[in-house]
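These are the structures, in structure tokens.
Look at the two complexes coming up: chain A is in both, with chain B in one and chain C in the other.
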Partner chain A sequence: MNISNLKPVPAGRVIRGGSFSWVLPYRAGLVSLVLISITLVLFIYALMAGETSLNPVQVFKSLTGSADWATNLLVGEVRLPRAVAAWSAGAALGLSGAMLQAITRNRLASPDILGVNDGATFMVMIMVMFAASPVVGEWRISCGGALLAFSILMLLSRNVGSHGHRMLVIGIGVSQLFRSVNELMLSRGHIQHATAVYVWSIGSFVGRGFEHALPAMFGLLICVPWALSLQRHINLFSFDETIASGCGVSVKSVKLQTIFVAVLSAGLGLSVGGPLAFLALAAPIAVSRLVRSSKVAVVGSLLTGGLLALGGDLAGRMLLAPIELPVGVVCRIFGGLFLLLLLVLPKRNAG
Partner chain B sequence: MNISVKKVSISYGRHRAVDSVSLHIPAGEVTVLVGPNGCGKSTLLRGISGLQSLEEGAVLYDEKNIRRIHGKERAQYVALLPQSPVAPEGITVQALVQYGRHPHQGLFQRWSKRDEEVVAAAMQQTGITELAARPLESLSGGQRQRCWLAMSLAQESPIILLDEPTSMLDIGHQSEVLALVKQLAASGKTVVVVLHDLIAAARYADRLVAMRDGQLVAQGKPADIVTPELIRELYNIESTIVPAPGDGAPVVIAALEPVSC
Partner chain C sequence: MKILFVILGLLTACIISLGVGGGSVSLLHVFDYLSGRPLGDDPEYVEMVLVSIRLPRTLGAILVGTCFGLAGALLQTVTRNRLAETDLLGINGGAALGVVIGLTFFGAETVSGYMGWSFGGALFGTMLVVAIAGRGGITIPPLRLVLTGLAIASTVQGVIGFILLQNQNSLDQFRFWVLGSLAGVTLDGIMASLPGTLIGILIVIAITRSLGALRLGDDVAKGLGHRPAVTRFAAIAAVTLFTGSAIALTGPVVLLGLIAPYAARYFVQSSMALFFIVSGIMGASVLLLADSVSRIIVRPYESPVSVVVVLIGAPLLIHIARSPKQLSSLNS
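What follows is the complex of A and B.
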């Protein structure tokens, strides 16, 4: 047998230099490039489309600041900030879903289950109820709500359990608890409050801009490198935990860090425009179908999440124009269909 | 690398699974743990691996206490193959074996020349090179077990611990896997195996360790310690021991009627 042609090949291009070595996965790389290209196209389209439609030249001009005053305002102050907000919200949620699904080895795990959405809605509702004006002012409070839900969860579950299952189950309880309190307050509260909270709990990017996107973007700057550094350890969670720790993974620490990153990025994501149904669930599933790998796709899920939120918001703006559908509603319609399709379609994957 | 187990006790809640066990496990030999279900042999194996914390006592690798070995470093000392391990869906054989290199890799050391060589050698040694691109699920039980062994080998650890590696295999695949285990010990590794099959245990073990109720009952060369008395003490059955043709290893044949007691 000739050893030289029996080299085990990783599915990617190997780059080595000194003690540095890296594998650039072919398929995941290609998928990322495609996702980025589609996102860019959608971005430009989001700047062009609307009640006043612009051509690419006008968009380009306004981006460089050389268009007329009204176009500059429309692109620079309304459409661009909103597109950035939508993308960053979706990206953060996609990342969150990927981390949770990988660590729990469960395709149906998403931050909603951990009570993050309901905790955030709870905080928003408290603020709406006790603020002088019924308008939701500080949306970022929802991030605090997500972290509150997470803290309660940690206190109650104490340890995360094998593959975090204990935490998931308790999370379902916590989110139910929050939901019931929310509904109680809604039913007792003023109709104006109820409307404001309802709009929030559906998820919409109307009037969202840089000031909302910025905290999420900044948070991603922390979460993404953190997630990337955990990535190769998380991959081993697709085995059982004995194998993961046998291979030298500090199982407990990796689980806690992963869940924390997931909750933080989910909180940041939904602080932008409210909870977007299915997004955190669908993005990682879609990527793993495209990449056909059992490894956790940090970058892929981030890009897919951003793409879906941006596309969803755009669809909400365009489908029934001039009436605008909240992105949350679009996510529910297409997310549900998409998920069914994925579950029904036969799957092909490889290591 | 020799392993010393010194008065080790391990409890799950109130249940004492391993009770003050002391052992010396030399390198280059196959040490087999046997005993009835729930006797604590798998727990002891996990204790030796360092994955299970010890309530009392100590485990030393040569002179080094495993309490002071953690994470990545521990995985470079010892590879543990659990009973019926679970693999990610759709994983290929080579991807599986590559995971064995995890303790030798880092954030910026993803696939060194050494990783490549060791994985190739591990696959060669376990005879799975031709299966490299096949999905694990498509393989037979024996082939799959050899893939897992290759993953453990890729860890390049001097100690290899196997928890019932042959439990689901027919006699052909069983001999195949155990011959490989024997070969690993001959190459200087310290190998500890938990086995249920007494005949295979007595045949392949250089040193047999018998446990019951968390305690050590006997240890030594199979030919010296496998007696009807030991079998009665372990399993509550009467038996006849006959020498195997060829190497004379003790073959346990259980009597038809169990002892009433």
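What follows is the complex of A and C.
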């Protein structure tokens, strides 16, 4: 189940010039282009579809501000902010999953299984219960909760880079613990607060918009370059820590930085619309299948995560219309099946 | 000798469960009531609280606790995995899905009404686990089995959410039930759950010897004249009966099937029959105590009992997963 089992595949065409050489990752580039175009199509569709369906011309007009007042309002104030929020949440989670999976050398390591989601929910809940005028899902709070949960997990599982499923099961224990404390708080909390947190904890983009997406977007502006700068070093981890350190990587520092970026982006992604189950797990795996490379795909996972969240939100809106299905429920159903397939299919397919 | 302690523990837990909770009825009243002495100033009130509120709850806790304890012990013996538990393997989720389907689409409203649905769902969950765990005759590694259960449980939760969101009516009914609570238990419900549990216990009695032989491996068991496939099938049937009847009564109680056999191993080393008996009693005692705690922990509200059980069970899960010894001692 870990990356090191994969056969090395050339990541692209090698360009040589004198004593310099550069690998042109054409396949990764192609995949990214395809992902971006699908995302754009989905984006436009998300602006068009809904109770009042619009045609592309109306959408285009309202984006430039020249449509009638109602259409402008619908697209500019409701659908566009929501689509942006969904995309940014998914992108941050996809990035987080890619980093976690690479550094733990474990395909199944993802914020949801490791208890990070429930830790973040715990902090958000505490804040809502005890703050005077609570904002549900403030990014600082959910990042703090994510860090807290992951620190507990690191303490309990000693070595984060361990193979196998031990860390994951400990993570399941940690998340169960957080969840039960959360339920305890819900059962004694003020009912109004409880409902607000409950909706958030299912995972939903209803009423989420630019102001919720903004911190995640800014965070991504920091996290993505940071992750890209770590990418080369993390790839060496896929062999062994000793080999990585033999190649001149400062193992400890890279590990800590990677974990920090992963947990930070998980917290940011969660803060937008609550936990989206298994999205962070699925995005990097899907990308590495598409690119046919075992290397950590920062950009690819980001794009796939955004695509999946946007698509999931859209599916939740459309599937049972006029009833809206929270995106968290959609993620649970498809993500759970995806994880089941990963576990059940023979290993050569699951890798 | 040790089993005496276990039984004493159960009796103490029963008395605590009768003596704790809302209404000014204390442990002293319980003793007075049990020994037939006069019951203070307002005997009718005391008797009402004891007999019509706390007694069904206590009986319900004993029934459900025994069910989950035995189901956990059976699963752990059959899969040779100390992490095997109805909730971690996704069987609870299956039963819950069955109940939701019964509630929503077929108008089942009482415990006896959704009993069948609960059985069906539990059977579905068990079959899924068996299909996945038994693929190609290889026993699946313990930790991997838990992840498989997580995937099943999570998918099922999503489907439950999917169904409930379209039906506000069943959402209201379901909400009190889903967290696992003994607050709504009635004597009628207990009577509806009893037959399934009793049949399950009869099955356990019948297959205890074969399960003991299975511990030595399939070949030895066959040599001793047992039929491993039949034994496993019977064990799975019993797990389904236990989970189905318990879940129809109280909703899913999480991780109890992990705690009870773990505690039982402290008292029983070798005897299979004693291991099952003590696991059942332990399940009942732990649930009784947890239920008593759940009544006072967030006063004046009441917390779902499952939450209290998880507060004990989750650290235990982490402990078992952390220590290679715990995992390897049963899975050879």
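Note that the second predicted complex is superposed on the first by the 265 of 351 C-alpha atoms of A that agree within 3 Å, B and C clash if a C-alpha of one lies under 4 Å from a C-alpha of the other, contacts with A are read in each partner's own complex, and residues count from 1 in each chain.
As a convention for this text, a residue touches a chain if its C-beta (ideal position, glycine included) is under 8 Å from a C-beta of that chain, and two chains touch if they have at least 3 such contacts.
All values reported here derive from a predicted model rather than from experimental measurement.
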Touched partner set for A:Thr195, first chain B, second chain C, both or neither: neither
First (chain B), second (chain C), both or neither touched by A:Arg232: first
Which superposed partner A:Ser37 touches (first chain B, second chain C, both, neither): neither
Which superposed partner A:Leu339 touches (first chain B, second chain C, both, neither): second
Which of chain B and chain C A:Thr52 touches, first, second, both or neither: neither
First, second, both or neither for A:Ser66, with chain B first and chain C second: neither
Chain B versus chain C as contact partner of A:Ser250, first or second or both or neither: first
Touched partner set for A:Ser151, first chain B, second chain C, both or neither: neither
Contact residues common to both interfaces of chain A (with chain B and with chain C): none
Of all residues in chain C, those that touch chain A in their complex: 83, 88, 132, 135, 141, 143-144, 146-148, 150-159, 161-162, 165-166, 179, 254-255, 297-298, 301-304, 306-308, 310-311, 313-315, 317-318, 321-322
Contact footprint of chain A on chain B as seen in their complex: 49, 51, 70-76, 78-82, 85-92, 94-100, 102-103, 105, 107-113, 115-116, 119-120, 123-124, 129, 132, 135-136, 155
In the complex with chain C, residue positions of chain A that touch it: 108, 113, 156-157, 164-166, 168-170, 172-174, 176-177, 179-181, 183-184, 187-188, 202, 277-278, 320, 323, 325-326, 328-337, 339-340, 343-344
Residues of chain A touching chain B in the complex: 1, 3, 6-11, 14, 16, 19-23, 229, 232, 235-236, 238-240, 242-243, 245-250, 292, 294, 349-351
